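After this come two complexes, each holding chain A, first together with chain B and then together with chain C.
Coming up: the complex of A and B.
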């Protein structure tokens, strides 16, 4: 597999997870979570610490990264979000509160890096996680394993939301909290679970992202616009839309830039970060409700020549 | 069964209800009627812990429930069917029934869902369809079925006849009366189809601008020419019988 494609798959899988987490949190708690940035960075440092201190492949530390992100999510919910939700805080207040939480986490990450540097004699401020990776079928193992992990995780999440009683209750609460409460569903538990899953997805995504780029304490800060871009591209009201949006934005950054640089020359590489955002703007202009708002079944029917009575 | 004492409530800083007191006796239908904006829905929302209660008290079976979260009230046996958004549109009919029976055991939910589809056969036909695809009348049926799923002691029904064709609305009214007569459920019924609601109701309250104007028997309000004519648009010859007229409150919500 070409290196750009391998990195593209890793990065896109990571963005799919993080954008999915942002969408889930927005749908359930109306909170546009800025702390996703530092939660992602924390996921990377959990995996880095494991690899640097105990050795082994990074993948074995991914469950730990998920759990750590889930813990950060729970702290955010009980420390901030829950109180603001109960007071009927506006979306902007909810969003800005997570920005504050993000800055606190960023400070803690910096202190932790100082500890790793001066206490354990490590070099945590510019890390290439690919040195801990191995080859699989002649390519980076991460380019195969991480997309697979993302697919398995998303499938498990889908089954949880569709097949389990609590998963359906989560969907019910997201759609109509008043009726869900009157039905006996404790919305507190639903929101906490959203933060567990959303925080876990952020850290898992951050840990995966570090396999395609240099890991730094501000890694989450530099990639948060793309996480949000993925969530917005997905339409913000569909978990699956957010996941797809994250994947499209991630692939656009790698595959799009590669294709354009072949066509127009290497100067395009300088605009690498602008290309996925331009793509997002273009898609949103044509489909204002994002990828989830596109009538896929009708489009597919038109392409295959089949007539369908209703659009998706 | 349910007592509301001197309730002052609203949303945020906006007060809607002024010193409202009502008594809902067990195994009967208590009807709350009044013009638009009178605060009927706010009364139910205050009982369910959705609106803000500024002062006053709500008692259920003698125990205070003021300001308790709605899922706690559902556990106590209070069922609420809101006027709008009373089904989960993106879930299937079956999922809606299962969510309504969220606090019940799996076998009990299955059994009760079968009962509901027998009571409302139209739901059986669309059991795997998303609720968003149902007509207005079918959605109301589903909403009532959801309210009944958990064998409630008390049902709060908000404007069941909204958006319904007259023939369907009449069927829903008969269904409400049947819930009392056959299942012995206590019902607090907020309704704009005042005449029909008062005909099936036992006790009635007239709510105007956030304050009570009448408390007494439903048939008495129905035959009270001044109030029924002025606020409910019911024109009938006055009939005898005691009527309790409550002095106008100072509220204007």
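Coming up: the complex of A and C.
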């Protein structure tokens, strides 16, 4: 696999996780979580700290990154979001509160980097996590393992939402909170669980992202537009749409930009950020409900029907 | 007791109080003047920013010791503030401090940051002196920016000469798409052209915020393949990358392409002594294998009274590593500003008028970066360039220097 394509898969998988987390939190708590940026960065620093201090492959620290993100999500929920939701705060208020939380986290990250720099004599402000990776089937292991982890995680999340009693209660609360409350579902637990999963997905995504790009204290801030682009492209009302949207945006930024630069020259690279966003605008113009609004079943059904018709 | 006696006692008491008051602590009359050091403590110049911060702090300590020893009536208050290696942030910090009455700034470090601050500084008569903003685009007479470094109009020929001595016949460029990168690339390409080096028509100008370079490395590999396909040997292909500390991820990405190890890699002052590069196992190995060579302002020959050794030893102790050349400029900036303020007061117009003379006179004897002579544009007039590379022990090594007037490299050891 070409190195740029391998990086594209890693980056797209990371965006799928982070965009999925944004969508989940928006669907369940009406909150556009800006703190996703620093939560993602925290995930990267958990893995980096593990690798730098204790050695080993980065993958062994991913569960820890997820748990740390979940903890940050719980803090955000109990410290901010819960109180605002109870007061019926508007979406803009909910969103701005997470921006404040993000700035606090960013400051803590900077302090932590100072500690790593001056206390432990590490170089944490510009880290290529790929140096801790190994080769698998002649390519970067991360380009195989991280997409697999994303798929396994998303499948587990799907099973949790569909097969477990609490998952069904969660979906019910997301779709109709009033009715769910009247049915005796504890919405507080549902929201908290959303923050645990959403925060965990952000950190896991951030840890994965650093395997494709340079990890810095502002890594999350520079990639948050793409996380949101993925969530919006997914339609904001479908968890799976958000995940798919993140993946599409990530691949567009790598494969799309690279293909265009090969075709039209390296000047295209300067528009690296614009191209996936343009793709998002185009899809939203054609399908206003995003990728989740595309009648996939009907499209596939039509294709299947044609095939049936042919065989008949 | 008569009224006259009471009045006399009161008068005596008042006089005594005045005398006692006058004998109070000397500090009561001492005023404080502030200079803000705008340094990139985060972002792609953070290593250099940290070096410059420590250098300006050391200078402030030395200045205050001197002021106290001389019994002067003021003290220097130095505040370091982080610009994040970002122009708008640097401007915002300058505006905030100016709002608090500050008229003198050391820094910012990067040309893009200095460019962002220039208009506001010119409009408000704010004097700022950069230790490392080298873009030729900022060589402007009568502005409010002074620079204690030379412009890249001098570094461009140094880079071209290195390429020529390495036997390069075809040079591919990649650079940060900002004021500094554009200026240095332009100067280097022009100088390379004069040495009959062919400039590859495709070039990789990248977004300064870019943190991931797999696409750029893949394209570079394609360009090299193209030249090889035209019969050019790999050893005659040079790649000049004008970058800051993003050089490390660039090299990590390039490591995936074996033929990129065979070409000549050349850097600039943005990559000399980069901590990001040396602390990355893959990138530093790649740099050592390709003899990645970078140029940096060469301090002039020092007189016995120079502060160079004092600054070098103090900063090495505080930082745990040797400082870069621009940190010495930063030290001299604080001294020059302080001496000018001492002469004419905290008045930016008056300080601006005498700063070139003060810098010249002081640095001739004490300059940590050597003798600072400023040209008509307020920039350092002369400089040679030291050449550094990462050796097989993965340590930065000084391997020679480029003499600007003679357009010649004096090698300390054989590199090519």
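Keep in mind that, in the parts below, the second predicted complex is superposed on the first by the 300 of 312 C-alpha atoms of A that agree within 3 Å, B and C clash if a C-alpha of one lies under 4 Å from a C-alpha of the other, contacts with A are read in each partner's own complex, and residues count from 1 in each chain.
Keep this in mind: contacts are C-beta pairs under 8 Å (C-beta built on N, C-alpha and C of every residue); 3 or more make two chains touch, one makes a residue touch a chain.
Every value quoted in this text rests on a predicted model; they were computed, and no experiment measured them.
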If you stack the two complexes on chain A, which partner ends up touching A:121: first (chain B), second (chain C), both, or neither? second
Name the chain, either chain B or chain C, that contacts more residues of chain A. C
Please indicate which partner A:137 is in contact with in the superposed arrangement: first for chain B, second for chain C, both, or neither. neither
Of the partners chain B and chain C, which touch A:54 in the superposed model: first, second, both, neither? neither
Determine, under the contact definition given at the top, whether A:165 touches first (chain B), second (chain C), both, or neither. first
I'd like to know which partner A:214 touches here: chain B for first, chain C for second, both or neither. second
Taking the superposition on A as described, I'd like to know which of chain B and chain C A:187 touches: first, second, both or neither. first
Is A:264 contacted by the first partner chain B, the second partner chain C, both or neither? neither
Using the touch definition up top, name the residues of chain C that touch chain A in the complex. 42, 44, 46, 84, 177, 202-207, 209-212, 214-219, 222, 245-246, 248-249, 252-253, 256-257, 275-276, 279-283, 320
Using the touch rule from the top, collect the residues of chain A that touch chain C in their complex. 2-4, 6-8, 11, 110, 121, 123, 125-126, 128, 130-131, 212-214, 216-219, 222, 254, 257-258, 261-262, 265-267, 269-270, 272-273
Given the complex, residues on chain A that touch chain B span 88, 165, 168-169, 171-172, 175-176, 178-187
Help me check something: in the complex, which residues belonging to chain B touch chain A? 12, 48, 50, 69-71, 73-75, 79-80, 82, 85-91, 95, 98-100, 102-103, 146, 150
